[in-house]
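Each of the next two complexes has chain A plus one other chain: chain B in the first, chain C in the second.
So, the complex of A and B:
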């Protein structure tokens, strides 16, 4: 069994600590007495994933076995999570492939002919053929693509239906194919506690009309945090929507979890605590550092984005959505929770090269904010690691660079919206609709591989809670003009950043470094 | 009198042109421009008076002529040698401060009956610019008989003179002439309140077009395209809703108009786009881009003085664009003279902030070099200051 997560205190013998720095890495010396929070070691994966999957389908939770739900003349739709998780992408075979193969085999045995597989990408970009193939595997891809295996199109006026409104007035739309199916199977990969459950169907096969119900500044300000669903208004809203979907269409939910074995052997040093680095790990670090310091940006990006993680399946459950999700969350929390005693004045976070919305693309400045202040700030339950009015120090190059294929509306969001105001609520009121309904973004979302026009707004809203909570944000090593455009301060070195932070939090501040990825959730007491 | 004089010389023109119009060559002894003692222009008739320039601007059309980039179309419409300078604020012999409306139409020339264009109140389009009591020339500053603002004295017909209000400084008044051009352009374009209007270029003409459009034909959204930081600041101050860089025009105009963008092999194009574009750079790039981001059926108004440029007429043809020139001034719809409109609007615009640095005539080499790099040097209107010559 691996070690649990740990909080260590920096003393004179502590080696420098790894900071992710976009498509690069740095070693930093933190002040004596600072804390470093490490993720737990990967928990043991199940020994026989295929067997575990078959067992879950045969013995579901609060539901009939899948086999009993299948009949020859039925319409079967199988939805699955897109490439926004896990991160980095999983080395083949992806657990979704394993589950899909079992489900499809079972359907074939039952004589089901009308089978559609839909990537539940919601307002995310359409995946490319290779990306879909990576998730579902060659056999399924060659059998079903493209007519019976495709990306969900949230902007297809003929392909989505309004199925109702929740008690709180939240509209719920669903893929028409899914809504008209006799059985809707969802194949989930719950990477962090915010994933999975009702959120998957409600958002994954929804449209702007339904997603806008909970992807709001107000909801996200009341999600503290969305890594702890019971305290998350976002999840409460998704549950209401999901229950409406369950009332409309027969659902069978399959949810999986993986451990946090996030890096391949070459980058194993990222997985380990610095005190555990072997000479081989130190050599690997130096090699990566040299590469990232010297190589052209596109080479670095290609190398990083080609990394595949050797995750292991830790649990699989099937059946009724809530019952399944509760069980999966137990496993996910066992992998992710780290007890942290009390809050801190300053929290430092190295932003890695990859977040949910830039697979195979550069992490643009808006996504840096989303990753740092949205996701990584929110990896807590109870209270944020940094105290109210404290300072968040991020390390990232934060260059004014965008992927024109994946993020066209992000470019305009950065230039047009953030030039005007940084206030999430004001942005939501004044600009969201215009972007959401822009016909060009709509076309690029539907025909190219672009995120939906509204997506940069959500990326910014994710950070609303952090923006409201902290006193200052400082980006170490960021491009000065870009960092200022985002409304933050820029520092050349971590020492400078800590000095600047003292002006906000006072002398002799407490400092905590969140050493992630691998991801963890800080359980702040 | 001391004056800068432009002398027609084919070898000098060829030499300057061959060097690409470099400032040091275009103001050298081998160029067309010479500083010297020249004869004061004679009064062509009784209604003519002497004007002693206080400030005289260096216009893009002046630098185009000096550097060999001006359209050869203008050569037969000009008499040589001439003293350049048509953006003039000066004083009459009785001390009255005036700005000069340079167009040399039928009335100024004493030609009767007036040509149809002059009768319409458009002396800039006069068909008798070769006739009458003065030499050939479209404007003061391009006519051998009148002198120009780059000399100690010029002569002007009384109808060309407009008194400068006491509160308007010379530095602001020197911009009245280009401002009148821009007002005329704005009124020619006649943008509507629902239009998205782009002003491409943010030199003197671009900035003053922004001000003119904002005041006289305010659209739904006015977007200025400016390259340099100081230009951006001026454009915002003068009324642009948004100021964008030259490299982001397709991205930002697409966003403003919710158009669709397609990327071609040479440059992008928008399906949809701006309703109207004021092209104020006078360059092929400007016109070619305007033709691709102005919507089908829209209008492109050429305000900046163009030379002979290679323009792709494909989009103009396919998009059924209306490309219209906007030259000079006169009497606008409604019966007001453009110069009167400019003098009324000028005091609220702090135009003096656009003027400077000013140079003496003897510093003309530095002045021309500065004017050619004005944007990069955070300047807008470089001018000659002739006030010291009268001490």
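So, the complex of A and C:
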């Protein structure tokens, strides 16, 4: 049994605390009395994943066993989550592969001839062959790719259908293949409470028309936070859309969760609390620190992005979407929740090298904002860890670098849109449509491996709640010009940043460091 | 200066012999028990050092230089028993590429048979390759019994063994005849033999050249083969050789034709298929 999450107070004997710094790490000393929030230890994984999966398929929640739903002459579509989770990617075998193999085995036994596997990548980039192969495994890949195993194309005019409008007027589109199937099986990996449930299907196989219904500044401002679905307008909207999909297509939902064992043995020091570091961990930190200080950016990126996490499967359930999702959330919350007493004036966060939208790519400045203020700021339920008008201090090199293949629209968003205004609502009104319908971005999304033209907007909106809530954002170690372009302040050291923050929150502020990843959700009382 | 600063920072958390929370989850099971072969290259801390070198340097480098494309790694995924990995041999780059193609867990417990007369003639070279690639001296000429004995000891103590049964690198990329030691080893240890075929490394580093040139490389890993009842060592060696040749031939055509159900069933893992 691992330890639960913890909030520790810095005293004279507390070792310096690890800060992620993009493709690097730092040890920083926080002021005495500051708090550090740590994730719980990884919870025990299930002993026999294949057996657990078979049991879940045979005894689903509020639904018939999968075997009973399969027949030879049917159209079966199996959708699965894309590479945006878990982060870092899971060491093989990915749990999606294990689930897919069981589902396909059942389909083969039932003699189902018409089977398609679709990666539910929504407006994310198309995955490469190797990335798909990593998720589904060799056997499935060699059996189905490319004709019957492919990425969802949200911009294919022939491949998507409008299936209706919700009671709130949200349009719902769905992959045509899925909409016309006799059975739609969704294989989900719920990494954080934000994932899974109706959100997966409604967005994953949707198009811009349906995603734009909830990826708006207004919805995201009323999602407090995304990591607590009952308080998230985004999730309420997805549920409405998902229920409409359930009324249209026969769905069978399979959801899995993994523990937070996020780093392989060589980077174990990132997983552990600093007080637990052994001499080997300290040596590993020193080695990684020196290497990342000296190595060229490309080399660092290649090494960091090749890391695979040894997550363990903690739960698997199948059946009706809501019933399954509720059960999975119980396990996910057991892994992620950490009780935090009260808010704080300043929150410090080290931004790691990886977010959901830069797998195998540079984390560009817009994604730094999305990661720091969009995702990590929102890892709370109840109230944000930082008080209203407080300061968020991020640590990241924040260089003006973009991956031209994956993020072409991000480059223009940064250069053209952010030069004009930083206000999410204004950006939404004036620029979103133009980027979303741009034929060149559309072409790159469909034929290359680019994120959809509208994606940088969503990344920016994602941070809207944090931008509205906090008084200041300071980036430690960032490239000055780039940080200023984003509308934030830049500091060379953490000490400087804390000094600067005092100008906003007053003398002797309370400081809380969110030591993630491994990810957690702060349950702020 | 930066290093000094970092050492000072780490020093603040130094707790030699102090009480340390003992609740950290034990490392996930995966590594086999330490080898009974007492060669230093198979012991800690060399194993950890090699793990870091391979994961941090050799594997990313091999993938970057070759754009490595691997098919069939799944065959090794569920292998609990040590296996004999058998491949064609065209280049010194083969070993690095083949190791990069293996799943992490299999790579960590794989020993490579390296030509004793070539690599271990100079002690420093032998030490470097042993550290870097976890090799052990494999005599190509004479002393067959001793080599087979030490190899089988490695297999029996939990290590996979990667060997090149042709005995030398091919000059033109064509596969030579396999020496019968593979069959003997499999026979003695009852280990499954996993056929592997590497294509393209003769462009990366042909025989005679001492540096790498970028070129695409494909590695195909086949279904593990087990010796049949009554099958002799030589017959089994021929079957393994045919399997490696088939992997090489099949690169441009699908291995199995028919509908997906046929393809799926044909690719079933023997152990899992029999479990159903």
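Going forward, the second predicted complex is superposed on the first by the 525 of 525 C-alpha atoms of A that agree within 3 Å, B and C clash if a C-alpha of one lies under 4 Å from a C-alpha of the other, contacts with A are read in each partner's own complex, and residues count from 1 in each chain.
Everything that follows uses one rule, which is that a residue touches a chain if its C-beta (ideal position, glycine included) is under 8 Å from a C-beta of that chain, and two chains touch if they have at least 3 such contacts.
In this text, all values refer to a predicted model and were calculated from it rather than measured experimentally.
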Chain B and chain C placed together on chain A: clash or fit? fit
(Q) On the A-aligned overlay, A:279 touches which partner chain: chain B = first, chain C = second, or both, or neither? (A) second
Touching A:388 in the superposition: chain B (first), chain C (second), both, neither? neither
Task = Have a look at where A:426 lands relative to chain B and chain C in the superposition and call it first, second, both or neither.
result = neither
(request) Applying the touch criterion given at the start, work out whether A:416 contacts chain B, chain C, both or neither, answering first, second, both or neither. (result) first
Touching A:443, do we find chain B (first), chain C (second), both, or neither?
first
Practice task
May I ask you to decide whether A:265 touches chain B, chain C, both, or neither, giving the answer as first, second, both or neither?
Solution key: second
Kindly classify A:41 by the partners it touches after superposition: chain B alone (first), chain C alone (second), both, or neither? second
Three-chain overlay: angle at chain A's Cα centre between chain B and chain C, nearest 10 degrees, stands at 100
Chain A contact check, chain B vs chain C, more residues touched by chain C
Smallest Cα to Cα distance in angstrom from chain B to chain C after superposition equals 20
Note: in the complex, chain A contacts chain C through residues 1-3, 15-16, 27, 29, 41-42, 44, 91-93, 104-105, 108, 111, 113, 115, 130, 137-139, 142-144, 148, 261, 264-266, 272, 274-279, 282, 285-286, 289-290, 293, 302-303, 306, 308, 310, 312
Chain A residues touching chain B in their complex are 411-412, 415-416, 434, 438-440, 443
Within the complex, chain A is touched by chain C residues 2-3, 6-7, 9-10, 12-14, 16, 20-21, 23-25, 27-28, 51-52, 55-56, 59-60, 63-64, 69, 71-75, 77, 103-104, 255, 259-261, 263-265, 267, 269, 276
Touching chain A in the complex, chain B uses residues 242, 244, 248, 251-252, 254-255, 258-261
